[in-house]
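Which chain is which? They are A, B, C and D, in the order written, and residues in each are numbered from 1.
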Amino acid sequence: MASSIRVRATANGDITEVQALIQHPMDSGFVKDAKGELIPPHFIQELKFACNGKEVFVADWGPAVSKDPYVKFSFKGGKKGDDLKISWTDNKGGSDEITAKIA
Amino acid sequence: MTTTTGPHPTRRLILQGTASVVLFGLGNLAFAPARAAANDKYPEDAFKQKSEADAIKALYGKTAEPSEKVKLDAPEIAENGAVVPISVTTTLDKVTSISFFVAENPNALAASYRIPDGTMPSIANRLKMAKTTNVVAIVEADGKLFSATKEVKVTVGGCGG
Amino acid sequence: MKASISLLRGSLGAALVAFALAVPSVSAADKVDPAADAKAFQKFFFKKFPDVKHDDFVNGPYSMNEDMKRQWQEKEEFPPYEFSLDAGKEMFATPFKNGKTYADCFPNGGIGIRQNYPYFDTKEGKVVTLELALNRCREANGEAPYSYVKDEMASLTAYMAFTSRGKPMDIKIPDDPRALEAFENGKRYFYTRRGQLNFSCASCHVQSPGERIRAEILAPALGILNAMPIYRSEWSGMGTISRRFITCNSQTRAVPLEPQADEYRDVEYFLSYVANGLPISGPGARP
Amino acid sequence: MSAAMQRSLVLAMLLLSSLAPPARAANEADYKAAYAAAEVASKEASGMRNQWTTTVSTLAAAKKAGDGGDFDGAVAAAKEAEALAKASIVQATSEKEAWKAMEIR
């Protein structure tokens, strides 16, 4: 199954800009389905980015983050070809992880 | 970083750069464990708080003061409450954490980010908003909290059932 | 004095011209003239929104409102239809059970051809839309057809639209009375009021584009299908042209027809033809 | 716009005529008759491919009330469904020509 994480990391000079889009329902637990029943909460709680083993960004997310969540940030110290590991875990114990190369 | 124009500007720059990093690193080291320990795990409690004030207290244990240095970018009228593009950037120094609150959502805290050393203090993300309300961005810089607030209008779209 | 005389003559001339124009257009209405209709349609929008760049009309509500456009550009940095696009690409490459793929059903392997759909099939004597052609391809190769309103169809059309991005819409109307009839039927559907709210497509997308219904800005009818299929935040999911028509109907409290009904195929034919020349911008992201 | 005015007048009249209160409590026969009439009009409307969603839901409400024995409610709903169906028929017939008024030429 293709990974749920799409990432674009581009280095220009010393600054690497990272954009990530993750396929996840991010159900808040407040929404009802077609039959009128509440869809239980199911959302990513923690999303970590590490470059060459060093943690560069950590997101703590609640149910108010949009479906198929997106985040953009940038950090210093990464360069073209470095490894960027992205991993997330959700409130149901689900998780996914990929390692991308900085372009 | 001021650019010097000497014969070997880059060499001097590098020297300056490494010097300040070492200093900064050392200085940071002393604080880092204390602060990192405080918020390195998922702030379960803060996400449970209803109001924005309680959530900020649960997350940081102190109050924030509005600051011009925190630039919050959010739309006038959200095209859709389910996907509201919100971003923040700041010129403040030594930023260690950035969080977003949607005041009248069922739970005010929407997202909180830990900014390790070397990561730029600017973030864009897409949040859900239950209705027209204030979006608040909080930046923790050098142990103090600064905030920026903007009202975003949210209504149901379409011409109804 | 001279100035006012020329002014007078100018206005007289204008009146004459207007009168001349009015007379033939009355008789023209009975003879179906798609080319004239398309020209008038585009001129209407270019005059109503003089500072909107012609190609920008395909961006729907975002061509009408700066604040919305900024939100859209932010979404387009990493658009939510990315997953559907990748899924479509994968489906396109995955052969059917009989070993064939979609590429075998379409000219040029299905790449960069979306701008020619829908087309008029002279054998069948009816309009064939991209969604219909995709399902016919599946059935011809022993596969079950996809729902016209669900994600699989949206992923396929998203990928095919993506391969045509930027190409001008290029819909042909053969010199065949049935094709002219289909065009006219689509035009009639577009302007006919329906549902208890008594709206036609034109009530919203011709009379009040750029205005709001509650939070949403109405898109202009010109180029309104160029961005299809769309990821709508409202549906937090992909929407095919069929899904869009059906939901628009139910919003005016009209019972929708079955997907790919003749009326829907014809109105798609009409809307695509009058947008000839405007670029394909699908898949799109919308509120 | 006088044609549109005229049309909405007709629609309003049709709706009003259906709301006249029944003299005595309705019984099953009244309900059956009213429902049948509504069904005929609704079938004609969908035959013209111009059915309204509110006609369908009001007709369903009439049936539910009728099955539940609430014949007063059922007759009222059936009459309203009939009026809605007839209004959609008027809309479909008048739009056969009226659409040209909005056409961009």
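Details
Rule of thumb we're sticking to: a residue touches a chain if its C-beta (ideal position, glycine included) is under 8 Å from a C-beta of that chain, and two chains touch if they have at least 3 such contacts.
Nothing here was measured: the structure is a model prediction, and the numbers come from that model.
Using the average of C-alpha coordinates as each chain's centre, D ends up farthest from chain B. The interface carrying the most C-beta pairs in contact is the one between chains A-B. With centres set at the average Cα position, the gap from chain B to chain D is 57 Å.
The centroid of the Cα atoms in chain A and the matching centroid in chain D are 53 Å apart. Separating the centre of chain C from that of chain D, both taken as means of CA atoms, is a distance of 33 Å.
Distance between chain A and chain B, defined via averaged C-alpha coordinates, is recorded as 17 Å. Of all residues in chain D, none touches 2 or more other chains. Residues of chain A found to touch two or more other chains are 67, 70, 72.
In chain B, the positions touching at least two other chains are 82-84, 87, 124, 126. In this structure, the chains touch in the following pairs: A-B, A-C, B-C, C-D. The touching residues of chain D, when paired with chain C in their complex, are 8, 46, 49-56, 84, 87-88, 91-92, 95, 98-100, 102-105. Listed in rising order, the residues of chain A touching chain C in the complex are 2, 6, 8, 19-21, 23, 67-68, 70, 72.
Across the complex, chain D is touched by residues 25, 28-29, 37, 40-41, 44, 187-188, 191-196, 198, 200, 202-203, 206-207, 250, 253-255, 257, 263 of chain C.
Contact residues on chain B toward chain C in their complex (touch as defined above): 75-80, 82-85, 87, 124, 126, 153-161. Residues 40, 42-43, 47, 82-84, 87, 102, 105-107, 109-116, 118-120, 122-129 of chain B touch chain A in their complex.
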